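What follows is a set of structures for review.
You will see chain A twice below: alongside chain B first, and alongside chain C after that.
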Partner chain A sequence: MSSPAVAKEAVVIAATGERKPWLRPGELGGMLMLVPYILVFAAFVLYPVLYGLWLARHPASYATLIADPIFLRTVVNTLVFLVIAINVKMVLALLLSGFFMTPRWWIKVLALIFILPWALPSIPTILSVRFMLNPEWGIVNSTIFRLTLEDGPNWLNDPRLALTLAMLVHIWKALPFWTVILTAGRLAIPTELYEAAAIDGASAWQRFRFITWPSTRTLYLTCTLLSTIWTLGDFNSVYLLTGGGPADLTHVLATLGIRYLRLDQVDLYMAAVVCALPFVLPLVYFMTKRLSR
Partner chain B sequence: MKLLTLRGVATEAKLLLIGIPVLLWTLLPIYHMVLFAISPKDTALSGALWPEHPTLHNFAVVFGEEHYYLSHFWRQLWNSFFIAVTTGVLTLFVATFAAFAISRLRVRGGRAVMNLALFTYLIPAAFLAVPMYRTMGVYGLLNNQWSLILAMVALASPYAIWVLKQASDKLPYELDEAAIVDGASQMQLFRLVYLPLMAPSLVAVGTYALILAWNEYLYAFLLLSRDTAIPLSVALGNFLAADDSPWELLMTTGLIYALPPAAIYFVFKRYMAVGLTVGAIKG
Partner chain C sequence: MAVVAIREVRKKFGSAEVIHGVSIDIADGEFVVLVGPSGCGKSTLLRTIAGLEEISGGEIAIGDRVVNDLPPKQRDIAMVFQNYALYPHMTVAENMGFSLRLRGASKKEIETRVRPAAEILGLLPLLDRYPRQLSGGQRQRVAMGRAIVRNPQVFLFDEPLSNLDAKLRVQMRTEIKELHQRLKTTTIYVTHDQVEAMTMADKIVVMRDGVVEQVGAPLDLYDRPENLFVASFIGSPAMNVLEGRIAQDGSATFVTSAGAVLPLAHAPQGSAGRAAVYGIRPEHIGLANDGVSAEVVVVEPTGAEIQVFARIKGEEINAVFRERHRFASGDAIRLAPDPAQVHLFDSQTGRRIEGADPDQTLGEERRLEKTT
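Our next item is the complex of A and B:
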């Protein structure tokens, strides 16, 4: 306890002749209000986390994990997914935010349609994409055949192509959200800045470089970090499109759990998650600090 | 003058050059889903861009549960509804109390609880799915809808508490002081001052949790497997079990399943996650 606090308490005791009560009046009621969440947290977050860590306690699990070529492939896939999908998505969102700020009636209508991938649940839309890409009956290959009289590729049977398509699905789904956020951020930039720049004859690039970017930079970084965490947890885009296949070659960390669960090797998945923690936790800690201001 | 209009035309053309690809990109999978839903079985697989004889027959099949995959359609629709609404209500209950205690009463430990909640919000939910599945096994709740509801409440509450705390911090503190001077108890303060002022945020948070639970696939398919217990999301995934699945029926069911969250989204647009997050992370 810091000395001013001790001194203050001493004054309180001296003045009233009794110790300050441990609970302020009414504080017990307030603490009771936290109880439902604390119970939920303890039973359905803390316990599973500890249980997971306990499952990952054997060094042998890590040895088996490292020896599993699918795990190494998954790590590479996850990194590729994070680096490419997030950056493409965020840059597109930044560019499109400029487009959606243009005052036109039809752009307002388009903005409403544009949000649909975000507003609709993933399962039907991703399964729809999966069907579009079916090599025999899918609309994509039917169209390719009609135009070129040649068979299209077997899209989801090539691991690289399949992972690329999973990234595209992820971008399709998440792009509207980030575009809306960045648009809102840019709309908050005072228009006087742009008016002044126009008087000074600044080019479009100069306006972006010296007004838009400095004002959006922090938001863009925050969004990228948040998006990193969420993309890491994106199970649907990969699992519903490829199921991790062909031959388990398109798994990412989020879908790997299902594979090890099916193999009845849950300890391996928990070991994989533990391996990811040194990278994930600092990010989570940083974002917690940032969002709790 | 002529130069000006020329430049104007060029600008409009440039905008359209962005707008049209954006429109096609956005609508393609959705259009494909609708196309399947209104196509008869034989033309659905022909690769046509528009069916010659659009039909609502698929909807009749789905509503009549006239296919093996759909034999529990109404039950599963109800399950989705029940799980989503219960999650929404419970999340509101848990989060409103917590946010009130943290933000207005400023109880000791409130900050720590807020940080724990944010931490939970930021941990990718997929990482927690497998241990959650095992935990529910320990609790004996597997194949019980309460396992999914409680898991979803645990996943939805952190964001809910965070949003409510942000909104609650903005209410003037003098209101509380005035109410207390007038002799209001803590519960009266909560009920008569706090809840009415927070109504818009409460709608937002309840809707967020509801849609989160309705849309959930991973946790639902891990925790529930009985045909009469699963929500529609898992039922849709089950179509993939066989190669000869009736795609047109899957897409029809998918469309029905996708409509409620989309409708809710557009009705409550300004209260939704996007708007809330903008307010919170901007700046």
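Our next item is the complex of A and C:
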């Protein structure tokens, strides 16, 4: 572009920048339509968030928080939960999406059953898992006893086992959703590509590697990000199963607040929530960036 | 290069049979075009040859191997799809070299195979581009390049030109033909465009509803269509067909159901009074003082020729003249079909009635009598 053109454009930008009014006449009606939304947003999002930040304004709260060994344990738990549960879940979802794409009638039936854990409400389903794992009268241990005449493990009393089970519950419950999303993404890949590859001599693995994966990679990463954000906020899988126990050793950031609420330490509760922000905000940022591309 | 033999091939989707026993023999290096209206099973047949669909009956042989149970990659064929099916995440060069890469060829070997193919197709400047950065015609070339690089026994094309505009289509038609003359690879080409079929093929296979209607060289199909379907399918503009009966009072004529009298060179023996269909191509109709009177309806000059839509006793007839006549709608003209170019068809079966044109021997009467 020649320099006069650049200059001219700059002038135009400057000029419009100066003169651009806050509201053009025609826009007033549109803005009025937004008012109810803005009011709702202010009342139910902005006010609570600001109030929470105000409650968590004392640096002393954070010092107390960090000094609490349970807090450190919680941060570690959260990281373990995120890294393991999400990746296992997404890889399983990717594998299963390939399976559910096979056009067979019985696979459709299977898909319907498979979707159930996701469709059912959390509280009854997770609580019933908890009952099943009860060491004395739960169905799991009574079955183990009947088969081996020995007592099964005390599932929820071992922090590692309990956290693993919480991850399993999380995976079991969220897997159908991500499988459906990835299946939809894979169904959008033109079948001719696979046919061309079959003629070119690609094996099943090579078809996955050279066609499926390049086409689903973006979707897969976006799903992983989104799933990370949601998993950070997943209160149910942990709290309903272990209640944070034994001895508050299986908390994650999403459930830790409850501990402080029980102890009547509202400021610590809020500080714990604020501590999740360094995890959440970059993820939200990447997410919106991806989506607005 | 290889011969391809298709013997009594049937294909069922569930309980619906869409290919009803098709047999075609394709010679080594031949360019065969499968043509027919939409839904007649051309693509399905091509896909069975490629191994993308299993056949429900019959046999397909490529070279001296029966390939019925071989997967596509072992059939040594290359296919060009209608929408090209280029791998979107690979560059032009990677697309073209993909099959070699899968076979474990070295980078250098791939390069030495891809370059000449790219050169033939004029793709050298585009080797590093991605498919989305190419125009339709360029994508088409890449798809062909991908096929050429493999140096297969047989090329399969499924309507490769149908996504291109008319001008590019004509150009690519010539390029594909040239390519075939150069590589001499056996080619099976599917299209629903009879002009493409006529201009490109060594041999045309006309299909309808899953059966082969006629197989032959383009001009054979044009000169001697075996039935009404082939007659009206091959040739553009399409052949005029008029119903009526054969008459013989002194010389042979044909009387249409509306009562117009049209000339015949020769009526097959014993066919007087027989119901039949009269076929005459627009380009075989002239003007003559003793012609059949007709009324001009529409005149369409294209420059090289004039197409005239006229009515003979209320029946539409279409004629093409290379001379410039100044006709106007409503004019009365006298049309003279060339008797030597008339085709007669049985009005029930639609089959060609042999012996109507003077060169033919009259050997078919027995069969004709049976059908009437």
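Quick note on the criterion: the second predicted complex is superposed on the first by the 263 of 293 C-alpha atoms of A that agree within 3 Å, B and C clash if a C-alpha of one lies under 4 Å from a C-alpha of the other, contacts with A are read in each partner's own complex, and residues count from 1 in each chain.
Note that a contact is a pair of C-beta atoms (placed from the backbone, for glycine too) under 8 Å apart; a residue touches a chain by one contact, two chains touch by 3 or more.
On a predicted model such as this, the values are computed, not experimentally measured, just so you know.
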Overlay on chain A: chain C relative to chain B, clash or fit: fit
First (chain B), second (chain C), both or neither touched by A:D151: neither
Touched partner set for A:E195, first chain B, second chain C, both or neither: second
Chain A: partner with more touched residues, chain B or chain C: B
First, second, both or neither for A:F210, with chain B first and chain C second: second
Which superposed partner A:V129 touches (first chain B, second chain C, both, neither): first
Least C-alpha distance (whole Å) that remains between chain C and chain B when both complexes are overlaid: 8
Of all residues in chain B, those that touch chain A in their complex: 15, 18-19, 22-23, 25-30, 32-33, 35-36, 45-47, 49, 93-95, 97-98, 100-102, 105-111, 113-120, 122-135, 138-139, 150-151, 153-154, 157, 161-162, 186-187, 214-215, 217-218, 222, 233, 236-237, 239-240, 247, 250-251, 253-255, 257-258, 261-262, 265-266, 273-274, 277-278, 280-283
Contact footprint of chain C on chain A as seen in their complex: 190, 192-193, 195-202, 206, 210-211, 214-215
Chain C residues within the chain A interface of the complex: 50-52, 71-73, 77-79, 81, 83, 85, 87-90, 98-99, 102-103, 146, 150
Partner chain B, residues of chain A touching it in the complex: 26-27, 29-31, 33-34, 36-38, 40-41, 43-45, 47-49, 51-52, 55, 96, 99, 102, 104, 106-107, 110, 112-129, 131-132, 137-139, 141-143, 145-146, 172, 176-177, 180-181, 184-185, 188, 219, 222-223, 226, 229-230, 232-236, 239-240, 243, 253-255, 257-258, 260-261, 266, 269-270, 273, 276, 280, 283-285, 287-288, 291-292
